[in-house]
Amino acid sequence: MPRLLRRRSKKVGLPPGSLVYTGEKVFAPAKITVIDYDDKKYAEREAASFDECPVFSPEPGVTWINVSGIHQVANLEKLGECFHLHPLVLEDILNIDQRPKVEDYDDYLYIVLKTIRPGERLDEITVEQISLILGRNYVLSFQEGNTDIFAPIRDRLVAEKGRIRKSGPDYLAYTLIDLIVDHYFVVLETCAEQIETVEDGVVSHPTPTTLKDVHRFKTDMILLRKSLWPLREVIARMERRESPLIEDATSVYFKDVYDHTIVAIETVETYRDILSGMLDIYLSSVSNRLNEVMKVLTIIATIFMPLTFIVGLYGMNFKYMPELEWHYGYYMVLGFMAVVALIMLAVFKKQKWL
Amino acid sequence: MPRLLRRRSKKVGLPPGSLVYTGEKVFAPAKITVIDYDDKKYAEREAASFDECPVFSPEPGVTWINVSGIHQVANLEKLGECFHLHPLVLEDILNIDQRPKVEDYDDYLYIVLKTIRPGERLDEITVEQISLILGRNYVLSFQEGNTDIFAPIRDRLVAEKGRIRKSGPDYLAYTLIDLIVDHYFVVLETCAEQIETVEDGVVSHPTPTTLKDVHRFKTDMILLRKSLWPLREVIARMERRESPLIEDATSVYFKDVYDHTIVAIETVETYRDILSGMLDIYLSSVSNRLNEVMKVLTIIATIFMPLTFIVGLYGMNFKYMPELEWHYGYYMVLGFMAVVALIMLAVFKKQKWL
Amino acid sequence: MPRLLRRRSKKVGLPPGSLVYTGEKVFAPAKITVIDYDDKKYAEREAASFDECPVFSPEPGVTWINVSGIHQVANLEKLGECFHLHPLVLEDILNIDQRPKVEDYDDYLYIVLKTIRPGERLDEITVEQISLILGRNYVLSFQEGNTDIFAPIRDRLVAEKGRIRKSGPDYLAYTLIDLIVDHYFVVLETCAEQIETVEDGVVSHPTPTTLKDVHRFKTDMILLRKSLWPLREVIARMERRESPLIEDATSVYFKDVYDHTIVAIETVETYRDILSGMLDIYLSSVSNRLNEVMKVLTIIATIFMPLTFIVGLYGMNFKYMPELEWHYGYYMVLGFMAVVALIMLAVFKKQKWL
Amino acid sequence: MPRLLRRRSKKVGLPPGSLVYTGEKVFAPAKITVIDYDDKKYAEREAASFDECPVFSPEPGVTWINVSGIHQVANLEKLGECFHLHPLVLEDILNIDQRPKVEDYDDYLYIVLKTIRPGERLDEITVEQISLILGRNYVLSFQEGNTDIFAPIRDRLVAEKGRIRKSGPDYLAYTLIDLIVDHYFVVLETCAEQIETVEDGVVSHPTPTTLKDVHRFKTDMILLRKSLWPLREVIARMERRESPLIEDATSVYFKDVYDHTIVAIETVETYRDILSGMLDIYLSSVSNRLNEVMKVLTIIATIFMPLTFIVGLYGMNFKYMPELEWHYGYYMVLGFMAVVALIMLAVFKKQKWL
Amino acid sequence: MPRLLRRRSKKVGLPPGSLVYTGEKVFAPAKITVIDYDDKKYAEREAASFDECPVFSPEPGVTWINVSGIHQVANLEKLGECFHLHPLVLEDILNIDQRPKVEDYDDYLYIVLKTIRPGERLDEITVEQISLILGRNYVLSFQEGNTDIFAPIRDRLVAEKGRIRKSGPDYLAYTLIDLIVDHYFVVLETCAEQIETVEDGVVSHPTPTTLKDVHRFKTDMILLRKSLWPLREVIARMERRESPLIEDATSVYFKDVYDHTIVAIETVETYRDILSGMLDIYLSSVSNRLNEVMKVLTIIATIFMPLTFIVGLYGMNFKYMPELEWHYGYYMVLGFMAVVALIMLAVFKKQKWL
């Protein structure tokens, strides 16, 4: 089972705004990528820490700072100072057990999302928390680990594909969220294929492994659902343009991602229903098979017990047992037993047990 | 299991508005039918591609362009230019994994629907995506395959039946949607008959095939439900006449289709309830039968085990066993065993096992 | 299982407003009863068809036309003309698979209801569609068959009981609807009694018939629920007096029927819960009994298998078996076996199997 | 099972306002208690019927008339005339199958409630309908039977405890309702204790009686829930002070009862959840025990069947069976069988069956 | 099972506002801690009872009075007088079976919460009721027992950590509530670890203990849920700042606790889903194992019953049984039996029973 709850208890009793990283300790250094772009220019540079705050030119370019690895608290504090972030925002970025949400701090929007991807082992899903800060001319993004999940967006920026270079930071935020939602479909498709395989097995030849699989997928769907519902809510609020940071033209794109999220949610709910049904089918299949096994046992016992009784009967050592003396006694008994067995078989045949 | 999720992952990381057909590749050429009609005239012609945009005369006629087969992206792009469609609309027409929805682009309404029909094999349901664009004096309809599902409407146009020739494009859109909803009833009726057959079997003689059928119908109902709920929403929005493209007189007809959709939804929900109940009944039936089998086994064992013990007893080779010498010993044992067997039977009779 | 879905497919592709009767074909002629009444007068006459439209005198009397048997489409068309009914209303009256609803056509209200009554066989419920048209000074009622369900109302009109003769057509509509709701209670009471009988059996002596009964009642409750919920909605709208056709004084009576409907719905929901519980109890009871059966089998086998082994042992034909020569060998073995059997019984006693 | 539905069918076809008592016929005479009180005075007298209407002095005192036993319709009619009650109110007082509700008739509020108390047998709950009429300076209360449930209130009035003597009829109504809600807790506590006892048994030693108990408590909870939800609604409407008959100062007390009702509802819902869980546990326990029984059977059969076969083998009467002639043949067979039995036991041990 | 319902029945029939402690009687004296603090000063003193009301200086300091042990009713009455508390508030503080709620009495807010912590035994959860009174310049807190749960807050006050010393009583109330919510996570984490352990066992080696554990955790989750939902409601109302006692700057902190509560609720709901699934898996596992056991029994019986019959056959004492005289008869029978056994084994192999 993937971790449902991470070490929140580390923080019991601490005053709010205390910067504590609640994830697993990571010792690799964080990677900071700063990208400046507008219609004409594109500049990208990397940094390991923040020494001074980035200077924003008055031109209408967009600055995108991506931080991979949020365990170095000092970096975050510096960044917080530069962009005048509220202490609770910094605390939430570090607390990787947040629920997806969007918060409006007038000057910027703070967005928390969960991205998922297939884990290292086939049957695992990795959940990672992504925090976005959308300001008037910048976007800050924070990832837990250093998987380069935003590479396609950077490629698109370099390649000048689509309207991304011509648009503002809200459109950049949209493309990041769109990518995150797309990742849900990748995982859902992988699950879908495996569930279909399991489903074929559940009626025809149920095994304990089938059971384990069904249980695992059910738990997966519960987890997906848990991050998709609040994600829907976040995107709905973006689309409704409650903040002036989202432009009119971008809203229709958020509507589009919103529709995707709904499709994802409905798919998850559908799979949950189907998996619940599969468990019932499994139980019925197992009962069916038990029935078959018991019929075999009953048939065998019903045929051989009377026969064994009869041969036992003539194995008795009484002095006066006339049948034993008959010349054809043995053959008569053999014949009688054949008749008994055939009658039994006929009865079973009639009751459709055979 | 019908595909629940189609290849959405093809598009991960692509910029929005990229035209990618997400269905199975089809190599038959698309078929484009252009119909011009009004109260007096009716003209129909076919085309394989768009070379030039259709010219609209200022008269109050209606143009209906039906595209069967949407895998030829070039055609769509041309059409999009002619009718000034938003890139996201074109993208959605091609992405056949849309959720039924209606979107208002001021100049036109974009409507996505799912039509279902019985598949080739008896136990399959084919789902196809239909996109409609309702403009001021035109209707565009897009189908995935080239099944001629709109033939009855064309016939009615030719035959001048009903008020269709006298009405505008909104009424044409209504007839198309009405037809799509009617198809749900065709499928529901087929299911209904089969479910009734299965239901009769579930109590009287449950077999593993029954189980498979119940499971299949449950999945079918889940799928029907998944496309009916958003369909309801779409039609409700049409009826509420949120767009000026829907005339007052047409609204009452949309109310009518809306009622049909509700009936369809309730029927699906009712069947789901009944099918869930059937699974419980199935499980109980199987348990019942197991009980019967076990009773047979227990009766047989309970009668013959003591008897076999008794005959074994007198099969012992002890030198001094007085009974063996008795003249009527054999008959006394036979009698005793008959008494034992009768007592056993009486006990079973009393416990209602027989 | 009662029909859940009637032949709607007859109408696929037909233009809206096509008058097609979707019920089973009936060849008995329809019966039309026209009743004129006010505070002072009461006149009743029967007709087989409409030749001319009824003339309404300017006095404040009420005209009630009841049509039993709606399969004669020509009658309906004539009536529609007389009362200026919308084609969709006529279509809906004929389509007996409507969902209970109320529609406001300004000049009149169109109300669809379902009445139920116990069917011919004990375990059947007959559902019939009743359509009401409530105009300024008339009420039209349409029934599928020709059971005289409205007889008590006619009797009350004749007998001048209650305030019915002094009130307008809205009060008449109320009494008709009240009667229909009362019929639900008749059916519910019949079910209630039978369910209580079944419930007693489910714990004490579960049989496959019990199972069949539980399943049947569950389906009945699903069906009752399906017609009660929209009925509630219809009456709620009548009570809220959305149309000026309902007078102030009548509204409090509709509130009363509304309360009855809620009681009916809650009773149905409660029975559904109880029946679901009964199925669980049934399954547990069957498992319990299986357990009992298996205990009997195990006790018998555990006692007699070792004994049979022992007697088999001394039935062996080895030349040198000293025990066989002992004078009290036989009695010693008998005693030993008695001890074994008693120990077994003691163990079972201790484990509470006996 | 307590009656869920009482003889409503008595009234099918009767005009509204017909006074028909729907409870079981009772022949004891009704008891009418009239209490007049204010800050200074307290007067109580009993009556068997109403001969004349009570005269209200202009002073600000409160009159409380309690009617125990509502089967004497004549009394009610007289009372109705005195207090100008609507015919539907009188009808509802007599119809003891009402849903808890509050109705505002401007001059008075009509309140229907259900009181419960433990029945005569331990496992029964008695439900009784209480009707209250709250007027400007009077409260009328109607009970089905003549259990003196309001005695504590009368005692408090006599003893001048609390603010009751200083307050108006709305406060009196509050104390009556508060007492009724308190009775729910008495029943809930009794249930709670019994459920805890049953719960202990369900895992450790499940018996069919346990099953019966769980089923009974589930039905009880369904019934409690059915009367608590509308009760909540009634009290919420009293608290919101929709009628001027409820004074500002009393509203905070109704808020208090409202909170109690919520606690009662949540307790009932919690018990429902726990009882549902107990049924699952029961079923699993029974399956577990079946497993244990079957293991015993299998172990016995697996050990003794091969042994019985071996001793049968050497019981054969073939002329040439060399082993039979061996001097130590018997002991060798005994040794061999001991080895077989020990191997079997070792296998079972390894598979954790022992 | 933890107590779901405490002795509420003690109070049936008592007038509202009666001060009755509904918890278990405790004889340890209550402990009262009075803390005065502001930006500069911090004073703490203990008291066993209230002799005189605390005097509030006009300076903007905060007074926090914590009462551990509420069974001494006299103390409470005195306190109530000092702070002009409503009698219903005092009654509610003593009634430890309240639902979490917040009530606005203009001058102060009355807040009831439930705190949980792991009980003394590993598998127990202790629920305690905490009442808070938030006034203009004071906070009163009441605990049932005398566990010092608020120690971290006192330490933070002493250490001047965070903004607590600079803020008003609303911020103090926030820190108390935040601490209470944090405790839920401590319990949830303990449960989470144990549930994961149980889950591993449920598929691989299900035992009755597993069952007991699953049942216990399900009950725990039901209880947690029962206190978390109203807690959410309480905090939501605090955050919405319905009372002027909550300052603007504090609202964002309440939003933060609100988010935590949502995470806790979702975690509880997720565990409930997973535990329900585990029960299904358990039942299926047990059925699977029964199947395995029965297969072993059937295999043993199917192989040895025919063989035992054969050896019994040649143990018969008929005079004329030619086979018995054959020289190799014994070996032929041995061979024949070996063939029979091998055929049986092959059949089982083919049916995948082995």
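A, B, C, D and E are the chain letters, set down in written order, and residue numbers restart from 1 in every chain.
The rule is simple: a contact is a pair of C-beta atoms (placed from the backbone, for glycine too) under 8 Å apart; a residue touches a chain by one contact, two chains touch by 3 or more.
Treat the numbers as computed from the prediction; the structure is a model and nothing was measured.
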>> Using the contact definition given at the top, which chains are in touch with both subunit B and subunit C?
In response: none
>> Over half shared numbers or under half: where do the identical copies subunit A and subunit B land at their interface, same or different?
In response: different
> Using mean CA coordinates as chain centres, what's the subunit D-subunit E distance in Å?
Replying inline: 26
> In whole angstrom, what separates the CA-based centres of subunit B and subunit E?
Replying inline: 42
> Do you know which subunit A residues sit against two or more other chains?
Replying inline: 283, 287, 290, 294, 297, 301, 305, 308, 312, 315-317, 321
> Line, ring, star, complete or other: which one describes how these chains touch?
Replying inline: ring
>> Taking the touch rule as given, give the residues of subunit D at its contact with subunit E in the complex, in rising order.
In response: 152-153, 156, 161-164, 175, 178-179, 182-183, 185-186, 188-189, 192, 196, 199, 203, 252-253, 255-256, 259, 262-263, 266-267, 270-271, 273-274, 277-278, 280-281, 283-285, 287-288, 290-291, 294-295, 297-298, 301-302, 305-306, 308-309, 312-313, 315-321, 352
> Within the complex, which stretch of subunit A touches subunit E?
Replying inline: 1, 4-5, 7-9, 11-13, 15-18, 86, 88, 97-99, 101, 103, 205, 208, 211-212, 215, 218-219, 222-223, 226, 279, 282-283, 286-287, 289-290, 293-294, 296-297, 300-301, 304-305, 307-308, 311-312, 314-317, 321, 323-330, 333
